[in-house]
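Starting off with a structure, shown below.
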Amino acid sequence: MTGEVTGGNFFVLASFIASGVTMAALAAWTATRLAQAKKKLNMLNQTENPKD
Amino acid sequence: MFSTFANPHRFMSLTRPLLPILTVVAAVMLAAGWIWAIGFVPDEKYQGPTVQIMYVHVPAAMVSLAAYSTMAISSLLYLILKHSLADVAAKSAAPIAAALSFICLVTGSLWGRPTWGTYWIWDARLTSMLFQLFLILGYMALRSAFQREQEAARAGAILCLVGAVNLPIIKFSVEWWNTLHQPAGFISLTGDSSLTAEFFWPLMFNLIGMMVLFGAFLIATMRSEVYKRQYEAKLARLNRSTS
Amino acid sequence: MINRDSDGQMALKLRQLTAVRGYTLLFSGLDFDLAYGEFAALKGPNGAGKTTLLRMVAGLIAAESGEIEYSIPDEAPARGIYYLGHELGLRPNETPLSHLRDWADMHHQPRERILPAIDRLGLTSRREVPAWSLSAGQKKRVALARSLVVPCPIWLLDEPASSLDVGGQCLLCELMTEHLNSNGAILAALHDPMDLEPSRVLDVGAFAP
Amino acid sequence: MKGILAIFRRELVLAWAGGSGLFLPAAFFAGTIFLAPLGVGAEPGLLSRLAPGLIFVALCLASLTTLERIFQADLEVGALDQQRLSGLSMELITVVKVLAHWLVSGLPIALLTPVAAVFMRADTVTPMTILPVFLGSITIFLWGGVGASLTAGLRRSGPLVALLVLPLFVPVVIFGAEELNHILTGQTFGAGLTLLAANTLAALAISPFAMALALKLE
């Protein structure tokens, strides 16, 4: 059983890194989109009726 | 009718707690799955360590197909029920499906380099995935070409369904074409080599992890889409009352 | 939905119609009945939804909610609705004659009505001229000639007088009067008042939110 | 029946009178075919191997040049609204428009195939070479019609239509090129034609509903 990471193979690492980077990018994009959308909506609610 | 005013409160309140849970579970499962795949899977007799690419490539392929099916089903629901939440689901699933298809293609070509010496081999599954990505990009481009959300939703839904109907035909024709032009004795990426237990379980684990990740992304994107539409609706009401 | 009995005097029954454009609600709960022989004018500020309502009654737009009931005599061609919108339906290299001939054939109507209609609208000398070289008024006359070639009981007119000269406008009044006298119904969005007095007025603005 | 024929005749006359209809796609197709040998070199063996694939790719590209105008021409002048009021079913109207456009733009390309085969130094050039491109071009115009109907309301939607319908052309190119290869090299053909015809029938069965739904986009 090969315990350690089979470092010799560049391509295995490359594909995991590529997938990781793409997923991270998607996560970042989704998170910012969500935050911005919520912020814009709250801002609008603020301006419309500041009391709540 | 296009119920822009259908207030998806139930959906929003339901997914509010669900989103963090799914994100954490997905992160943990993927991390564990990847470590399991890289660290503990023995070398396969033909390909040696490069088989480990399968643990990212296959889940990405399957989940991107699941994502496209989500788009197709919600497009169908939107055309029939005209409920705006179905459209939100279809629109939100598109970028995720595109990202997963992209991952599948990149890992597929990275797998090709050590195994067959070239970054792109016209393997049937990879080629079908390529055209699936094209369909998704076309869907997103079409949607962004319309100003009004209502028209974008309807046009997108129709294109998605036409794409969904054609995808099996494309897959069949590519596989048929593949048998003509592909040299025999070609190790396909997955599937036919019957996986023994120690190869199979990490694959299942990674697959479920990717599915959960898709769920988390979908819900997050849908929530931001709902916020965006509520913002635009409220803005329109404000303009109308002040004008 | 369309029921083809024409015993009832009512041409159109609009029930609780609602229209949405993008995220803004144009009008809701709009009720209106239009009888045969009646001319109703649509009133309301710009953007109130007059054109939207006309296109909705013509069946070109789906209503957000609400119901439209048509009662159209059986012998009426096609859906029994003549719609005159802002765009007049003439391709650049179509001539009045070819357009009206296609229009008649499309509805299985006899072609004999084409030449009298062209003469009536004063297009005799221009019946072979391609549309790209016709003026807006002349193209409007071709659109009006369509109503004579394929007579429909219900007329939906969106600012019919626009781009017509004085002669054209009084010709329009004549055509509308004849249509009303032959028991037709007219629903028209008017930009400025016409010589022909509408028997009823529907203020779309009253149904705005 | 006479009603829909009137629309068909009108579409044909206007596409013909429009002038560019007949020659643009055929010229585009011929241009692509004539350019290839300059890039690839004129050795007979190489060119004839390339011929089927290139003919079908050129067919796809040439058809894309006119797809955008199938519905846009009528939509922008309001003629489509009038046709919707004529009581004819929208599905029938869209199919008739696509077929009229195919007759003016797609058929000439199919008829040009033997010429293209000669230029590509194919071994046996028979009139049968027209068949696969004939069936393929109908399928291409039907799926292209769906793309055109989706973008009819947009300005400058040519490139967008190309992106939307490209994946739908995959089966046509695969089966068509294979069948054309059999014909050009004198082998027995016919099996491929059935697959091509199946594609055409599938397109004929599905695309009208998609097009009609798309054009009711109000």
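For reference, chains read A, B, C and D in written order, and residue numbers begin at 1 within each chain.
Everything below uses one rule, namely that contacts are C-beta pairs under 8 Å (C-beta built on N, C-alpha and C of every residue); 3 or more make two chains touch, one makes a residue touch a chain.
Just so we're clear, the structure is a prediction, and the values are computed from it rather than from any experiment.
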Shortest chain-hopping distance from chain A out to chain C
2
Of all chains present, which has the mean Cα position farthest from that of chain C?
A
The chain pair with the larger count of contacting C-beta pairs, comparing C-D against B-C, is C-D
Using CA atom means as chain centres, which chain is nearest the centre of all the protein shown?
D
Centre-to-centre distance between chain D and chain C (centres being mean Cα positions), rounded to whole Å
37
Can you compute the centre-to-centre distance for chain B and chain C, using the mean CA position of each chain? Integer Å is fine.
48
Cα centroid separation between chain A and chain B, in whole Å?
16
In whole angstrom, what separates the CA-based centres of chain A and chain D?
43
For chain B, write out the residues touching at least two other chains, lowest number first.
235
So which chains actually touch one another? I want all the pairs, not just one.
A-B, B-C, B-D, C-D
List of chain B residues in touch with chain C within their complex:
1-2, 4, 148-150, 229, 232-233, 235-237, 239-240
For the complex, which residues does chain C have touching chain B?
18, 20, 22-24, 62-65, 209
Which of the residues in chain A end up touching chain B in this complex?
1-6, 8-9, 11-12, 14-16, 18-19, 22-23, 25-27, 29-31, 33-34, 36-38, 40-41, 44-45, 48
Chain D partner, complex, touching residues on chain B are 79, 131-132, 134-135, 137-138, 141-142, 145-146, 151, 154-155, 158-159, 161-163, 165-166, 169-170, 172-174, 176-177, 180
Footprint of chain A on chain B - complex, ascending
30, 34, 38-40, 42-43, 48-50, 52-53, 56-57, 60, 95-96, 99, 102-103, 106-107, 110-111, 113-114, 213, 217, 220-221, 223-225, 227-228, 230-231, 234-235, 238
